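Structure first, then comments.
As written, the chains take the letters A, B and C, and residue 1 is the first residue of each chain.
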Amino acid sequence: MSVYSRLSALGVTLPQVTPSVALFVPFVRTGRLIFVSGHIARRNGEPWVGRLGEQITVADGQAAARGIAIDLLAALHTATAYLDSITRIVKLVVLVNSAPTFTEPHLVANGASELLHQVFGDRGPHARTAIGVAQLPLGACVEIELIAEVA
Amino acid sequence: MSVYSRLSALGVTLPQVTPSVALFVPFVRTGRLIFVSGHIARRNGEPWVGRLGEQITVADGQAAARGIAIDLLAALHTATAYLDSITRIVKLVVLVNSAPTFTEPHLVANGASELLHQVFGDRGPHARTAIGVAQLPLGACVEIELIAEVA
Amino acid sequence: MSVYSRLSALGVTLPQVTPSVALFVPFVRTGRLIFVSGHIARRNGEPWVGRLGEQITVADGQAAARGIAIDLLAALHTATAYLDSITRIVKLVVLVNSAPTFTEPHLVANGASELLHQVFGDRGPHARTAIGVAQLPLGACVEIELIAEVA
């Protein structure tokens, strides 16, 4: 079953990738690795603003992380033109906008890891670091960067 | 002198690596690089909870970082089956759970860097980034991720 | 136009790279990648201390980020002996010492990205993650790490 079939079965439509500004880009390929820029959580096209441990629940944080994973897939689709050429999701860094008391960034991160597992199967399990940070661009509740390996 | 002899001389016993959950894994190898997941500080098997600049001293933070380095070695041992096949510790990111006034995450990081130097000798010196963060998984005082190069 | 000519046209002189301590080093090369350690902002040779959203303005943060980019170039020059052998700036992680209300780390990051674009042209655009963090080594306002690809 192809990655695209799995996305379709999950009802996931990949968004358009925002055209690159000149200064930095959504991804860079070097050798067999694709480094994808940190992508922030969005809802209805706007930054999904708030902080875990304050306005944002763990469940909402997980939904935000899942949404980012879809945006990361869209970047990988643009990078490869064919998601099934990805041989491994190598690593995720999951940055969670956290009140100083919020100690569950790893649960938030699961929202992204689960989607990647559903879509990539055996190629999905990745190394991962989850971190609670002081703030994120535009006040977003979650930001995720990714490294993938291509054939 | 092999890496295992040095560990033995230091009185260090490598712990068992926690079996992977399905969603993410302790490490991923791609080409000659091994990306090891962020590992949190533990003491007596439990998360070592607290914040630098509050309950945790620099000395305790260094001990926590050293303990994580041992866990990272255990992951690398599992990844390679033979630690002497590691040709270089490439990079560490050291995340320190910090009160907003704590400005010495680099001193905490030395606890991990020193152990890697003792164990790997010339192959030990690595690129490094030390950061003070708002929180970490389960309230741990330190979290470290690592990249290593294998033969 | 060579990278050195562009630096000269910008009036930028590369600083001396601080000699490595034994424990960690300014950069590690592995295969075609150079991982450069997190470098903190400096002004007149001293750490540029402060927090965005408090004492440090966005304009000053951008100047600090630009200054770090110059230090990163000095590290890359030491690593390669010839900056024109760099085929791509792969990735930046920009860590901004942030008050909990400061939501523009990406604007601060532009200070570094712009310089790299000016100096490297088509080889300059990189993947990037900008993060607001609780603190940084020595209280610095910005810290940046970099990955570059060499020929």
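The working rule: a contact is a pair of C-beta atoms (placed from the backbone, for glycine too) under 8 Å apart; a residue touches a chain by one contact, two chains touch by 3 or more.
Worth saying up front: this structure is predicted, and the values here are computed from it rather than measured.
Peer 1: On Cα atoms, by how many degrees is chain A rotated relative to chain C, nearest 5?
Peer 2: Rotation angle, to the nearest 5: 120 degrees.
Peer 1: Please state whether the interface between chain B and chain C is built from the same residues or different ones, using more than half shared residue numbers as the mark of same.
Peer 2: different
Peer 1: Averaging over Cα atoms per chain, report the distance between chain B and chain C in Å.
Peer 2: The separation of the two C-alpha centroids amounts to 25 Å.
Peer 1: For chain C, write out the residues touching at least two other chains, lowest number first.
Peer 2: Residue numbers touching two or more other chains: 31, 133-134.
Peer 1: Show which residues of chain A lie in contact with chain C when the two form their complex.
Peer 2: Residues 20, 22-28, 30-31, 35-38, 93, 95, 133-139, 143, 145 of chain A touch chain C in their complex.
Peer 1: In the complex of these two chains, what residues of chain A are touching chain B?
Peer 2: 31-33, 88, 90-92, 98-106, 109-110, 113-114, 117, 125-134, 147, 149
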